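Below is a structure I'd like to ask you about.
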């Protein structure tokens, strides 16, 4: 194990290929590895959503070659009901855990947090390396469930007990499939705990000279707050998964109640608590939503500031708002359980903090809008995606008003309204944050620029496409369209099928737009224009170092920080931006008074 | 025993050895005008921050187990009272004793690093004793599991036993991590590359395991 | 040298003759196979079969618009003949008749949201097909006891999907149900050796029974099992009639 | 590009709002007594959320249009009122808004969950199982017989596990696959799950409640319009989840009496 010290250079530059690119201790390589994993996971997740959308629009359409994935799940290339649910569960799990958690947090955070704090590396590089490789193993354990006898689990990414805990009598994939799922998630939790440990310690202990906490850029704050949330949330999900696995393999009764009858057989379990799983899961699950979105808020603020050529109206207010979101996220998890048989008084108790959480969210949005006023906005792929994030966050946020109220939740719970809400606010918004970060930092990460024309085309198609997919979801929900149905056979749902067809077409088009991004990413990696050290005229530490950064981030000389992070358009300054490392004296800096 | 202790040079020599190294402030004491000479660099070694972060995560995990136990107990009337194997109380004495021996060892190393050489006699011996007590504790826990199992009380016999096994095994697994840390500290001490922050972090972890065990014992005694 | 050669020739000849005799013996045996026939009746009035409410699936309720579906636990024909009784030999089977696997491939169809037939008798390792004639998705979920060596499965069949081809490894009475249409219940009765299922009049014929004396067992899903001793002469037939009491 | 983007935002915002503003897309009709409160709450929320949505999207589009092409030499400006003004606005506007919604919403919630059912409410038990609902009426004696999990047999249509030979109370219990209820009569629905989690959702009735295995939950409601409605399951319960449904038939008292008589004969 590595020596837990950081004052000396953490580790020398590796020479062998394996230590350089595979089992690397370098946070930058680990960040790129996380990014690659998230990209792979996102492509798989997107392909799954295509299959589901085609099935929902045209239920009898045979998708060529689908039987190769599972001959029993898709006989004649048409999805069976169970396989639809199995793909849906995998889509949700892959997207939430292996894309939305890894990309904005683990990938970008790993690459840029140490650089932005002025550190040579994370304090525990071996833990950092393990964090990635553990997550990697977790991913393949999950993917492996596609290839076991009954296929993956069909219980949904929330895996409500007792369906998830009774074993294969519950349906295809509920035996080994669930065990693999829970194992994968428990492994994933371990990986993220290692990661959070490093992130928190980096932020607290590894800052360079002059880098006070308030001098950290908003991205670093986003990652720091997220890692605190991750530390507490994943530490709760892991024991929940362990108990779930024990219910399967050891015959315990944590989640399975007495006298349950399936196929006319009384199950051998007794006394377990159905709601226990929901409490444990949502105690993790709601902070998880913010784990996905808070790094995006940081990235978007950072990108916007650089492209607006002015700082946010208030640096501190944004930080406090993000922290308030994090704290409140633990007090509101019960709003997922309004109609789940919980004490109706608790529903009201959970409802108020849920409504209160709109206040910090509104403040964040108002800070973005207010800062946009009077700016010198540059339009490029990165800033477009950041502005798109703001739009999506608003749209996804206002539907939260409805779901926060138990009385309206009676109508909208478990309908497409909820699906639309969380896809906009957590899925699309977080994805836009990832895209903004990618277009913004790609030059620093690879040394080459991305193609702007393709980037803008990618943006406008994704923006319109995402609204065409997810806005109609809300209407479907208002009409009472239940989620997690593989076909709509109910009399009142049949008239809604044309809407589903429209959504399917929109989803296919939007999906293809993402292939433009993949092409742009790969093409620019090898053929893009060479990037300068500071292509966007940014001020934070990642722009003070070489492109791409050397092994220990800053070469021979460690940076010294003289200013708050966002000194743009400072009156009387020599340029429209002053880097944090510039010793230039400023008469009236953009700082908190 | 020819062990020497080596500590890299420190910036703030005025710190007392008994305080350990976790008492540093943050690096954010920066005047807004960028007046660097007034900046005090008090960042603690990452190991001492890291260990608190790690302990926070472990605390959350056991808090989740505890709340699961409370909720599950209230969910159904099938909760059984079980008599804890009496060896657990003996094990408790072992783990408390191991904390004491580790603390003695830590103080000796600290004293040595602080320059008070005559009190530094054989810190490694106390580390070995701690290690032995830790191994004995795990052996004792294993004995308790085997004993219960031989009486016919398995993991799935009743939910009380399920929680008993889950909590004690989870604690033992975490304790094994602590034993690994102790082995590492001993190895470093022999190679004269031990940092005080490493020893401090390991001993905090170890003490925490002791506190956690006492808490778990109390919880099991009260609830089961 | 030549002696060895001669020996080899003689040995081959002996082997050939023996094999020929064996094969011929089989044929002779087959020619002498008999059968067991009889009828199965239900004593007393047939129990009332509850109707099935198929309202939740528009296809099913439409298919049964004129003829409401009802439970098929007791299907009694004219004269009290009991349908869906499986008759098979439990004692006395020896040699190839016991180990041979039937080569026909019976079909278990899902038609108008019911199983046709309601009871499908099968030989061990005999292949069978599950097909669907309905314009609604069905799910086929047989529930064998895993301890027997039969592997449970659970898969759905959308309209127009290819038949599912399966077989069972061990003798067992296996209930099968559709998870999507909870009223759909049927049975796979897996037995060793020749078998028959009683028709709507309660009549049955077990073919390919070598001469000998046997115990014939009649199995009904609700009425239970009965056994009788039967003797079959070479090329002739034995007879066994069963009478069940409704439970 | 900036101007195209601004126009796109405006168009999307308007297109999203039109079906709601023009009442082209209402909620399903309401047939319950308590539904009025929920619908009012929904309308209020829609108004406030809609205004917030349109205002912020328009503002975003306007700022993008206006500030994306700065003239050379132009200086950046600060928002009048600054951060403090905006924070105060957020607290005042959004704070009072959500507080009001929360307080008024409590009334609607209380009408469903915090009031006990009337003494003369008609009890009906609903059992959810993979993948069907079954309903049990207590019969003339007004008592439900006990359930025996080990006697449940779908093959023999004993869905609840009733022991009609031994349990006196079970003998006259009526089991049906649809929920028929008299109009304008309060129903006390006793919810029981046979296996996993399910949910009881009738959009027209403004009722959604999960079945919790091992815990019997109840809801009560009064239907006010005669008709046939669908009961669907909204809690993922397995492969047949999409097809787990039953009908709610709200009948006049006479029709209901006839129906229950007919069902009793079928048992």
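Residue numbering begins at 1 within each chain, and the chains themselves are lettered A, B, C and D in the order written.
To be clear about the criterion, contacts are C-beta pairs under 8 Å (C-beta built on N, C-alpha and C of every residue); 3 or more make two chains touch, one makes a residue touch a chain.
Owing to the predicted nature of the structure, the values given are computational and were not obtained by experimental measurement.
S.K.: Treat touching chains as neighbours and tell me the shortest step distance from chain B to chain C.
M.R.: Graph distance in the chain contact network comes out at 2.
S.K.: Write down the chain pair with more C-beta contact pairs when C-D is set against A-B.
M.R.: Looking at C-D and A-B side by side, A-B shows more C-beta contacts.
S.K.: Could you put a whole-Å number on the gap between the CA centroids of chain C and chain D?
M.R.: So the centre of chain C lies 49 Å away from the centre of chain D.
S.K.: Using mean C-alpha positions as chain centres, tell me how far chain A is from chain B in Å, no decimals.
M.R.: One centre to the other, that is 33 Å.
S.K.: Counting only Cα atoms for the centres, state how far chain B is from chain D in Å.
M.R.: 50
S.K.: What is the distance, in whole Å, between the centres of chain A and chain D, each centre taken as the mean of its C-alpha atoms?
M.R.: Result: the chain centres lie 29 Å from each other.
S.K.: Can you tell me which residues of chain B touch two or more of the remaining chains?
M.R.: Correct list: 75-76.
S.K.: Can you tell me which residues of chain A touch two or more of the remaining chains?
M.R.: 80-82, 171-172, 257-258, 263, 271-273, 275, 487, 489
S.K.: Residues touching two or more other chains, restricted to chain C: which are they?
M.R.: Each of 57, 137, 139, 154, 156, 175, 177, 179-180 in chain C touches at least two other chains.
S.K.: Can you check the complex and tell me which residues of chain C touch chain D?
M.R.: 50-51, 53, 55-57, 71, 73, 137, 139, 154, 156, 175, 177, 179-183, 185, 221-222
S.K.: Name, in rising order, each residue of chain B that touches chain A in their complex.
M.R.: The touching residues are 8, 26-30, 32, 34, 36, 39, 41, 43-47, 49-50, 53-54, 56-58, 60-61, 63-65, 67-68, 71-72, 75-79, 155-156, 159, 162, 166, 170, 184, 193, 195, 197-198, 201.
S.K.: Residue numbers of chain A touching chain C in their complex, please.
M.R.: Going through chain A, the ones touching chain C are 60, 72-73, 75-76, 78-83, 150, 168, 171-172, 263, 487, 489.
S.K.: Quick check on the complex: what are the chain D residues that touch chain C?
M.R.: Residues 129-132, 154-157, 176-178, 238-240, 243-247, 266.
S.K.: Considering only the defined contacts, which chain D positions touch chain A in the complex?
M.R.: On the chain D side, the touching residues are 1-2, 4-5, 8-9, 12, 15-16, 19, 25-28, 37-38, 41-42, 45-46, 48-50, 52-53, 56-57, 59-60, 63-64, 67-68, 70, 74-79, 82-84, 86-87, 89-91, 94-95, 98-99, 101-102, 105-109, 112-114, 129-130, 149-150, 152-155, 161, 193-197, 199, 201, 203, 206-215, 217, 230, 232-243, 245.
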